[in-house]
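Shared between the two complexes below is chain A, which pairs with chain B and chain C, respectively.
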Partner chain A sequence: MLKSILAIALIGAFAAPALADEEAERQAHWAELKQAVFGERPTVDAAGLIALEAPKRALDAALVPITVTTKPGADIIGVTVVIDDNPGPLAARVTYGPRGDPSLLALRVRVNQYTYMHAVAETADGALHETAQFVKAAGGCSAPVGAGEAESLAQIGRMKLRLGEVVAGKPVEAQLLIRHPNFNGMQMDQVTRLYTPMKFVQQVEITLNGERVLAMESDISLATDPAIGFRFVPRAEDLPGKLKVTVRDSDNTVFEESFDVPASGS
Partner chain B sequence: MRRTGLALAFLLSACTSTPDRETAPEPDGFWTGPMGGPVPATIEGGTVIDTATLAALISEHDPVLVDVGPTPHKPDNIAAEAWVPPPHRTVPGSVWLPGAGAGELAPERDAWYRGWLSKLTGGNQATPLVVFCHPDCWGSWNAARRAILYGYTDVQWYEEGIEGWQDAGHETQAVQPKLPPP
Partner chain C sequence: MLDRRQLILGGVCACCLPLRRARAASFAALREIAPGIHVRRGVDEEATPANADAIANAGFVIGAESVLVFDPGGSLADGTQLRAAIRALTPLPIRHVVMSHAHPDHIFGAGAFLEDKPAFVGHARLAAALATRGDYYRERLEAVLGPGAAGPVVMPTVEVKDRLELDLGGRKVRLTAHPLAHTDNDLTLLDAASGTLFCGDLLFVGRVPALDGGVLGWLKVLEGLKAVGAAQAVPGHGPERVDWPAGAADLERYLRTLVLETRVAVRDNIGIEAAVERVGAGERGRWTLFDDYHGRNVTQVYKELEWE
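What follows is the complex of A and B.
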């Protein structure tokens, strides 16, 4: 379905005059992607509700740090990140639970070619708020598999969590690192000259004492060793508590880890 | 601290297109190693051109433009709805011949590439011919070298490729590939 939509978009592009209007073409591509992801639901300009920070030019296209911030207190239930010109454009779809705080989402992604990236926040009233950033990086999706991936594979599923200061009722900053090669199926092994089969993190669920902080669906655009920067808000009765992370990859392998959240401090 | 690192990254990346970056010697024949990496600064029998020269060439001499960038490799088993091959953006007017820069070309593919060049130049081997893909990609070097060996006498290797073109602020155009035989 997405393909046929895309085919129509491409035909449209060819009908354009000889000097392509690149910007119009890019906007048309985004419009088609948006429809594939959100259906007929309209989006509105972010207008300060959501911001996307990404390097305008990335040194390593296979490891591009991006940060999505949303207005504190806005009634946001989910955040979606789309990398328009990646062959797997839907990078992450995050849904927040009662213990989650959508004010921050930090990820590391692969970028295939110079592209717009979009971040879309969904508010509880069902409205979609979009913002965009143009990123100059190329080749990140087909960057060869190297020693780093071998190490990630050897330690697959290991996780690390760094916590900021813990105060009941206040957002706690957290950085989760998941060891996983996140093979996207487009990377050639330079020794065997074969494409390494796809194996990537598809779902991440984070809970605090059994209550959802966030759930993320991801695709082949996340970088090797997926990292997720996020915030959660513990209540006094949640502390000390357990932050549990459940990861499922595209081979249906499940990795779980629990982390202690202290009563206070960091 | 993090901000400083980022600023430094910008500075470093701004330097990647300076002439003092790492280059490789010209191989005998074609390059059959990994396609990405340092490439030669020269091409025997042809000319290396930069973006400004290409822009001038396009406006004055209407060269044949050949983009040999690869098609993205579709992963096995990927869900149909997850795979959206992105528009291939190239220098306007280019013909996209993915695979023409491989280290080794099977006879059918060699004939395919040879045939396209002949068609695009109208059989005139003195036609200015520009070959490119991405920066630091051997594909365009191989494909340019191949054209030289076919007998083309005005082969221009545009090493900076599509990203160099975009970095200079030029527009791109989305095109469909002329696919090689399987």
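What follows is the complex of A and C.
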């Protein structure tokens, strides 16, 4: 019992490392998180296999753009993004399917306090490759709901897809936008003293003509109106085709949308 | 660079100052910009204990029977000084305190006027904005100014849904509530007799604008304000007065540039992080505090326009 409480305290939201031995504590915190997410499996330093790009100091802690890139052809089956000191550290866990291309994953996240972010790639042989970036930003999770969230709620489930150039056999660049307030349960209404209930995007699945591009599990760390930048590889027989998106949120509400992928061009 | 907690205050830098009580702020001199209309200029700085968050313009209008305050100051101390300045000029009762919008640098002086029992007048959406953000603003402001120094969150007692005319005795002023622009609760005041328009933060002059609403809405509201027939305007930040509508030119150029260049970035699939570097770069050097707010403004505009 004590052990599990301790584990929650260590892994949980508000582990704010003290100044002394701060770096060591941050590393210890990451070790705990890693075990919670991946179990006993060891991770190795990325060595060029995975890179994480994030602003060192965020302009808007409620919308921090991050980009994970992996080495093309590296046989990566999944990418996980962890924001160590966020209330829900596991920001996104992406699994790629046969039509997916893991060379790029772009997300917009919330950052609640100065923190390390980690990106971990899993290769088909089961190996885990990690990389880290320290980000200075604060307040992105607990800042009160603004006018933007009201608009998102009004248009909840609306989606947009932006496509780069389409050529059969080549990776196509795409960005999916999902209207969703992604309420994280930490935003307080000061009159009622109640927190705006959690309601956030939990699962996103993208398929091309029924074949998986990617599936993502996410948590409260994604920004309002989640955005996912990704790549997929259509074969000649897939074009023209349909990209289908299925989004499930924490209330178990499902939003579906399907987008035309032209035979060629953009 | 400031993080969201600070920016959301309209630029209260909470990170780099020790907790301490506000010292008596040096209260800027009042300027009478039309007969009976006085403005105290806010300094183009972030909130500090030294400036007591007197960083936005605050003003008042004296009628034959009463006084109306348009933005009561950025902290209890600032409001107290503003009230003393009014009392030094006129013994007339202060019957209205107008709060132009929910940002703390404009309204936390309201607590200094509670003893006057005025009508606290705000946009119909001001109460909701203060309900969700008021305590948060107060906590963040007190992290800079010191415990208790911000003042209470004063809720509006009179709400303006569309328009409201107030009579100060031989002097009628008109309040207008606007749709989503700088925020979702912007209120302006027109004194027709002198042709003076109090804009609140719908007008920034010199200090880089901060966007907390919608850029397209803001441009549309500005169009309307330019046509109200005022000869001078009081910006929320900047000099006590500017010629009107000429004084809107820089703000319009800034907002239009953001819209045009962000649309290009969205169209060309330039991501938000690259857009922040590029969009509006030509505006750097034309505004104070540019690097503290501009990147965040671009982020806001991008978020809005990518759904077009």
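In the analysis below, the second predicted complex is superposed on the first by the 242 of 266 C-alpha atoms of A that agree within 3 Å, B and C clash if a C-alpha of one lies under 4 Å from a C-alpha of the other, contacts with A are read in each partner's own complex, and residues count from 1 in each chain.
FYI, a contact is a pair of C-beta atoms (placed from the backbone, for glycine too) under 8 Å apart; a residue touches a chain by one contact, two chains touch by 3 or more.
What you see is a predicted model; the values in this text were computed from it and never measured.
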- request: Once the structures are superposed on A, label A:G185 by its partner contacts, choosing first (chain B), second (chain C), both or neither.
  value: first
Query: Touching A:A138, do we find chain B (first), chain C (second), both, or neither?
result: both
- request: Check the residue A:K170 against both partner chains and state whether it touches chain B (first), chain C (second), both, or neither.
  value: neither
Task: Would you sort A:N86 into first (chain B), second (chain C), both or neither based on which partner it touches?
output: first
- prompt: Can A:E25 be said to touch chain B (first), chain C (second), both, or neither?
  reply: first
- prompt: Can A:R41 be said to touch chain B (first), chain C (second), both, or neither?
  reply: neither
- request: Go through the superposed model and pick first if A:K160 touches only chain B, second if only chain C, both, or neither.
  value: second
Message: With both complexes overlaid on chain A, does A:P55 touch chain B (first), chain C (second), both or neither?
response: both
- request: List the residues of chain A that touch chain B in one complex and chain C in the other.
  value: 55, 57-59, 136, 138-139, 143-144, 188, 190
- prompt: Which bits of chain A are touching chain B when the two form their complex?
  reply: 1-3, 6, 10, 13-14, 18-22, 25, 29, 33, 36, 55-59, 84-90, 112-115, 136, 138-139, 141-144, 184-186, 188, 190, 195, 197-198, 219-220
Complex contact set, residues of chain C against chain A: 1, 3-5, 7-8, 130-136, 153, 180, 183-184, 212-214, 269, 271-273, 276, 295-296, 299-300, 303, 306-307
Query: Residues of chain A touching chain C in their complex?
result: 55, 57-63, 65, 67, 106, 108, 136-140, 143-148, 150, 155, 158, 160, 162, 164, 173, 175, 177, 179, 187-191, 225, 229
Message: Which stretch or stretches of chain B touch chain A in the complex?
response: 6, 9-10, 12-14, 34, 36, 70, 72-78, 80-87, 89, 92-93, 134, 162-163, 166-167, 171-174, 176
